[in-house]
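Each of the two complexes below includes subunit A, the first together with subunit B, the second together with subunit C.
On to the complex of A and B.
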């Protein structure tokens, strides 16, 4: 009798354990995706729709991982290097792209991603080419959480700084902003550089988390999921990016539990529903202000 | 020399597919102002439905082709009414529609994967014309000729429709400004529905033909066409039918000749670099009009 009963609790324990390990990696991915989403938000908050985050992430990821592999650099040092590389690249991108109008900017950044993949495939001495490369860079969950807290703090301070307010005015109405003496181009260049730094950092964190990166790691899919995450979470507040990334990362896990056959479909349907019924996203400062005012 | 001509014809046929797909993509972008991420899935679904019609229902070639094309048009129509119409009614920007189109892309892509059992299927022999014509010693497969002819017919048809018919004027009016168009006596809802159907059917047409010639019917089909079609639209000037057709063919020829005479690794690189150069230097494309300024 005892022999019959005893396997059951063990199984439950096992399940609990499985659940936690699955859950843990979801949290880690949500944090890393938050960085990529924050990078997208950084430019969006200055009125620019750009998918170039993926390119910064690819640079940060491949460069950082190669440095760690080739020179045995400490992975803690690789992170700021990846962020710096991303920032440098984004400055160059800003120089070239900022003369484009909004539609063309989005399209040009999309084609930048396509070119990124071609470059990654054709520089095997850095990136491992088509085969990809493995990344021996363990990241603990607490370290990731700490980094995200730091990033959130920076974004919060930025949002209430002179820069944050200027960026908001550029986003809402560039003409008014320039009549107030705010140079849209300067503000947007700063936005690009912030986006590049956060994107490069997100890229190397993603590499560490996946432990293996290939040309397909940094491609159009990430760009679309990131922008979807930002808009889903709310593109008018920095915390929207984090909330959106978390929801967008958790959604497939929940969907898999609920509808194992059609988890992607369930994902899409939820995204569609949120966009149709809450077009300004989950975190909407305007709605919060209106609610406060009505009290 | 013979090899060159043979590859030239291959390139024109491949480019015709890109151009055909791009025409559908371009109509949506110029008339409805939507960067539609789901466009590629229309091609995949067109091919899947046509394959089903040919294989399961034993329809003749022309009938299964038509079934696939109409099915793709209907899917595009449903996507438009479900995902874009609610946002259009509220008058939100391009960003919202981009996100909902990503949602539709996720849904349709994963359903396409389920429908094909996550395999790459192909049209069985005998369900399509496989006659081989010869021009001297140069082989000319019937499907290549059909593809090229299809592009010519569709381009001519769309050119007549958009530039020389009342419906075309209405489409361009709606593309410019919906409110102004309705003051001018155009019913925007009706124009939008027809445009969405036409765009889906055109892309679905490319999907069916591409599925036959590349022997690959799966969700990957649409993705490949999507990226190249996008390039064709931008290079050609997306509000111009002839430009898209010409640019698509040119890209196809360039790709085939590059992989024949230079290196197959450079193939995508050349296309995407051209895309980026055009966006930066001549964003309106080869033939596009200058006066585009929709926010």
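On to the complex of A and C.
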């Protein structure tokens, strides 16, 4: 097709193809990070700060990879199993965590990450132990995009349903929500289960993308990435998690290309600028509504 | 006409709400002390007392925000003192707050829809899947929410962010939100606090119209005129204790009530002799 086009546009198209080849892995990582960010957003939207997504991702990643490796399970079937496993684990986590005050819950979820790592290291028959394990589960960009579109649709449905109203009420003021007949505990338990399902799915997608996972794959670094993605993108709308994950994934790549000598500085400056000038993140429904009202 | 529960031995209508020797302490402070009172169905009851008398604490106990240390709270014949707040709301008690507590980032209509959650009539699953019956039920609830906004004269503000409204309008949104739960008993905690005379009168007329619809109202108020105009019976508290109960005129003229608000005459005489 390129050969049929005249020279100048042909050069542009060639550059675009080269650009795409160089950065499609970045796009793939941005999509997978979106799942992890959405998992964090799911509980944040009900007023809970929890880093337990790392644990759900670890379970989904290692369990899914082991099922594909050991039993030859089709990777398409491993995905829902990873999501279900994450959902089941998150329900158990909710039973314990929802008894804690918010700050203790965040701390407990950090402890859960450390416990997860210890378990991963000490169960080599599932996880490969310290050595890790390869994951023969190639994932195409189009498939990842389709999954993300599906996830976005699910979160959109949640936001416009009665669950969305209840979760927003619980997030803003759980005591007032209770006085309106909304059980904060029930809504937050549902939030945990959604987070677990999406986190488990994100974990197996990360495994498929990396093609190799180890105890270091699912650790504190992911927790920082997903929280930063949600906060920067906007923690008041589901699309903020996707935008934030994309920005957070692309930023180091863009900075390296544009300012190779000052990459880390550029990253920091951009993040600081967003935090100062857009404290509620890039996607802020409240600001959008205020702007519309002022017209 | 609604049927009313009647005590078979006395043939007197059973109260909708009955508190019996209810107490609540915060450390060494008795915020509510062995208080007993009753509210009859279909009435507008006032709850008065000086600042710190324990009125808001009592409202918190009735609505389930706080558990009492002892005593019983009976609503429609069911003891609710150990029930969580969301269960009490589902049973038919709604409330507003001394300081307006609306949900940030929500429009006026969304605030009232949040109030309608407990009466939504469909499961969360059906709502998430967008089933036809769920969509139909949602539309019906939305229409009901708009009717409630019409009652508080805020239909024209339905799509405004609630936090951009004036203080008086926010108070009315809070009342509409509470009405969304379709309560049998509405607890209003100082609904006219910070309002001018005209706004207070509007709230009074709204309360009067609510009674016309069969709702029972328990209103914490300092506005004496509002209480006189719209309350059938008043209970006065002081230092967490029951002081007196009766018609507004009776309570206002009661020497114990006047002493609670203005101090005892013996105190004034003592001060005079010291000078």
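Points worth noting:
Convention: the second predicted complex is superposed on the first by the 272 of 295 C-alpha atoms of A that agree within 3 Å, B and C clash if a C-alpha of one lies under 4 Å from a C-alpha of the other, contacts with A are read in each partner's own complex, and residues count from 1 in each chain.
Just so it is clear, a residue touches a chain if its C-beta (ideal position, glycine included) is under 8 Å from a C-beta of that chain, and two chains touch if they have at least 3 such contacts.
Source: prediction; values computed, not measured.
Three-chain overlay on subunit A, with subunit B and subunit C fitting side by side and no clash.
By the document's definition of touching, of the two partners only subunit B reaches A:272; subunit C does not. Judged by the touch definition given at the top, the superposed model places A:140 against neither subunit B nor subunit C.
In the superposition on chain A, contact of A:176 is made with subunit C only, not with subunit B. Look at A:100: by the touch rule set out above, it reaches subunit B but stays clear of subunit C. Of the two partner chains, subunit B is the only one touched by A:121; subunit C is not. By the touch criterion defined above, A:224 reaches subunit B but does not reach subunit C. Comparing subunit B with subunit C, more residues of subunit A are touched by B. Of all C-alpha pairs spanning subunit B and subunit C in the superposed arrangement, the closest lie 12 Å apart. Contact residues on subunit A toward subunit C in their complex (touch as defined above): 157-158, 161-163, 165-166, 168-169, 172-173, 175-184, 190, 236, 285-286, 289-290, 293. Of all residues in subunit B, those touching subunit A in their complex are 35, 37, 82-83, 86-87, 90, 92, 94-96, 98-100, 102-107, 109-111, 114, 227, 230-231, 234, 265-266, 268-269, 272-273, 275-276, 279-280, 283, 293-295. Subunit A meets subunit B in the complex at residues 49, 96-97, 100-104, 106-108, 110-112, 114-115, 117-119, 121-122, 220, 224-225, 227-228, 231-232, 235, 261-262, 264-265, 267-269, 271-272, 275-276, 279. On the subunit C side of its complex with subunit A, the touching residues are 63-65, 84-86, 89-90, 94-95, 97, 101, 103-107, 110, 113-115, 117-120, 122, 124, 127-130, 138, 160-161, 164, 177-178, 180-181.
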